[in-house]
Amino acid sequence: MEWADFTAGRTGDLHGRAIREMTNTTNTRRDTLFDVEEMELNFGPQHPSTHGVLRLKLKVDGERIVDCYPIIGYLHRGTEKLFELHPFFQNVPHTDRLDYVAAATNNLAYVGAVEKLIGLVVPPRARYIRTILCELQRISSHLLWLATHAIDIGAMTPFFYCFREREIILDLFEEYCGARLTLNCMRPGGQPFDLPVGWGERCAEFLDDFPSKIDEYEGLLTNNRIWKKRTVGVGVLPADLAQEYGVTGPMLRASGVQWDIRKAMPYEAYGDVEFDIPVTYNGDTYDRYLVRMEEMRQSVRIVEQCLDKLPDGLIMAKSPRVLKAPKQSDAYFSIEGPKGEIGFYLVGDGTPNPHRCRVRAPSFMNLQVVPILAKDQLLADMVAVLGTTDIVLGEVDR
Amino acid sequence: MQELRDILGPTLFYYAFSPAIKIAVVVFVGVLPLISYLVLAERKILGFIQVRTGPNRVGPWGLFQPIADIMKLLVKEDVIPNKAVKWAFVLAPCLVVGPAFVIFAVIPFGPSAAQTGGGLDYFITDVNIGVLFVVALATIGVYGIIIGGWSSNSKFSLLGGLRSAAQMISYEVPQGFSLVIPLLMAGTMSLQGIVGAQLEQGRWFLFAFFPFGLIAFMIYLIAGVAESNRNPFDLPEAESELVAGFHTEYTGMRFALFFLGEYANMIVISAVAVTLFLGGWARPFPNVEALSFLDASFLPAGLVGVLWFSLKLSVFLFVYIWFRGTFPRYRFDQLMDLGWKWLIPLSLVTLFAVGLWKVLLL
Amino acid sequence: MLLDLFAGLGITGKHLLKNLFSTKVTVQYPEERREPAHRFRGMFRLDEDRCIKCTLCARDCPIDIIYIDWHQELNPETEKKEKVLDRFDIDVQRCMFCGLCEEACPTEPKSIWLTTKTYELASYDRWQNLYVDIDELQEWKVRPDYTDDEIV
């Protein structure tokens, strides 16, 4: 397909317009002595740093990126359609596979939507357990992000340090629910399991140790002049643009917008614990890095408080074995996932299956700004920008 | 020696100890095993830095890993892309490896026969324009990378080749300037002569004309890392950006040749740095009598020289690996920035200062 | 001057020295094997005697990989009609080990369970080894008995 085909077909939408405006910008190099030709570069779907099967069609002028067009869909599995074919409780394993590095938050967004649709009240103990799991998941997801982001920019060692700590979190998950990655650890109405004996102590042990490990990553990166050169001022995302494109999560907060669903609309146990929302104002890659590092520290705080306050009692609400949504009902429930706002919109029609399901995937929304961030940057910045958006293709393509 | 000459006769003796034969022996007996075990050492050290074990499957502590790697690379299918320019594609790896090995001809690994009072010369040949020879040959290596990147007919390779062209040409300038400073200090271009001058003056050139020797050494170190395409200047093969840069399309033994070239370059640059700035094969503080036990006089004097040389060399190589385990990668424009705006002016100023010092004060 | 770079070198250097002699985090897999957690969801096991043939597990499976056929026959000893399994197959190669079948099982203790701590499922044959029938589900001695977390 030719380059023109990609822009010609999309005259109506905002995104197409943005792309076209980028393409139409006057190329000052045309007036030079030599005839300058731009090169098309296929970045992905098989490339070490596209984090999955994202394909970017780049127009490059030497090293400078003139234009960038992301092509998605290589991991499309029809998850939203699959949801319609299964009863509510059978869909939880499918949500694991959306953002496959943060399964617990996906589970929570989905079961939260089901509970809202049907009107189940989750017992407090289950709410606390969910909060603990989600915050551990946030740490593990941010660790994976840091690992890959650092290795994209060329620092190899933080990758292994991050995986060392992520392994401990995965071990905790394995002890709790029997799986390490695709957790399937929540059910509509509560939690399938209680915390195992001694789990809280092992978790607290990890949390005591973890802040010193964050210092270690920061010692390797935060003040390093090469790291700063590669990230400060790269891929600047202004706050208004971020809000226009529906960017959420650390990317939005790095642009100076204090928006976090955990604070704005507290769900589960977030209303009962104290934590801060880190915000920075430059909106560049370095700031997004700082926000995520601070978020990990705050997550440690949240989990510690939850473990202290963990109430006794039931872990599962009384509910019928087969859940049925009321006729003509709908519910949208969203939570603050590691990558941004992940939400599920469910429509019920009186049967055990959802009539329609729609996933608001943060990676998909965040990916939309990549062409804007990457424009006029160098090829090396492309991987920095792509890494800092923290996309997971399972969620983008669904 | 003399007995050997009597046995072989003068002609045969001349050919047996001609530089060409010596290069072959040094390369195949010394450098090739050194490179393969340098790769193992790098993987092990990186492993330890990154809290893992490194290779440990082939033999005890993975000691036979390099042999297994070489066997694997030798029997792998050799793919030449359909649209590649064949002659250039085949030529490129040789252009990288060849010059890197030839440079070993002038590196003084140990003292000459005259200095130890008979016995072997612990170097291949002593050219009176040694430094020039090193610089000239090191320049050829870049052509291999450019040709390899261009002839693969792949966009990523091309970008890698272009990056390396710009990078290596930019960094050759400060490297060259910083090499001139020890020459000024020693007053000779022969590498063996420079070591001799350091022995004579009783100090490493690193500390001579303080702090200019140190600055020159730092410039050479940075430029050397950039010249050998290692972290944090490994832009031509930046894995996360250009897949594998200029050698994306290379497989099997041709890829191994690029690999060999890179590590041979590393060793050459370290060896030159050791010779020019760290006193070559001389022991530390050669003028301090109290440390004379470091000469290990129970061993042949030449061998002790070689030992000291290898020790200094391995410190250098370790620093290379350490850098790789620690630093992120520079961006292309920042690399040019560093080279042209900082290193070149700084090296010029240092050169000028040393020259002035030498003219006015000495 | 260059202090930031040396700080990073210090951290990696510290790890290098520490890891030269101490044990690493790597698990040398074929020699050492991690003991999975008690709740670890691994390979299946079935107990035919406990199974009441309710087919709840097959119905709760999100991807329908459990195939159960049964018929009723008269037990000559008790003179009662009993359900007898004809077939209990699991197509493990599509299984995602979500554990919903185990949760659905109404018997106490469970008749089908995944907490067997068996995770080495690699095989050379795609179809025969990963399509397990009732005999394989029961007889494979590698798979231990059902362990309830509360008991342990």
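Each chain carries a letter (A, B and C) given by its place in the written order, and its residues are counted from 1.
Here, a residue touches a chain if its C-beta (ideal position, glycine included) is under 8 Å from a C-beta of that chain, and two chains touch if they have at least 3 such contacts.
Being a predicted model, the structure only gives us computed values, none of them experimental.
A.B. asks: Taking every chain's C-alpha mean, which one sits closest to the mean of all protein C-alpha atoms?
C.D. replies: Central by C-alpha mean position: chain A.
A.B. asks: Select, from A-C and B-C, the pair of chains that is joined by more C-beta pairs in contact.
C.D. replies: Of A-C and B-C, it is A-C that has more C-beta pairs in contact.
A.B. asks: Measuring from the mean C-alpha position of chain A to the mean C-alpha position of chain B, what distance in angstrom results?
C.D. replies: Here the centre of chain B sits 45 Å away from the centre of chain A.
A.B. asks: What whole-number Å value describes the gap between the mean CA coordinates of chain A and chain C?
C.D. replies: Measuring from centre to centre gives 29 Å for this pair.
A.B. asks: Distance between chain B and chain C based on Cα centroids, please, to the nearest Å.
C.D. replies: 54
A.B. asks: Find every residue in chain B that makes contact with two or more other chains and list them.
C.D. replies: Answer for chain B, listing residues that touch two or more other chains: 49-52, 325-327.
A.B. asks: Which chain C residues touch at least two other chains?
C.D. replies: 5, 8, 11-12, 25
A.B. asks: Mark out which residues of chain A touch at least two other chains, giving numbers and ranges.
C.D. replies: Only 157, 164, 220-221, 224, 226 qualify.
A.B. asks: List the residues on chain C that touch chain A in their complex, please.
C.D. replies: Per the stated touch rule, the residues are 4-5, 7-8, 10-12, 25, 36-41, 60-62, 96-100, 103, 114-115, 149.
A.B. asks: What part of chain B is in contact with chain A in the complex they form?
C.D. replies: Residues 46, 49-52, 155-156, 159, 162-163, 231-232, 234-235, 238-243, 324-334 of chain B touch chain A in their complex.
A.B. asks: In their shared complex, at which residues does chain B touch chain C?
C.D. replies: My answer: residues 45, 47-53, 56, 322-323, 325-327.
A.B. asks: Where on chain C is chain B touching in the complex?
C.D. replies: On the chain C side, the touching residues are 5, 8-9, 11-13, 15-16, 19-20, 24-26, 28.
A.B. asks: Show me the residue ranges of chain A that touch chain B in the complex, using the header's touch definition.
C.D. replies: Interface residues on the chain A side: 39, 41-42, 47-49, 62-63, 150-157, 159-161, 164, 220-221, 224, 226-227, 229-230, 378-383.
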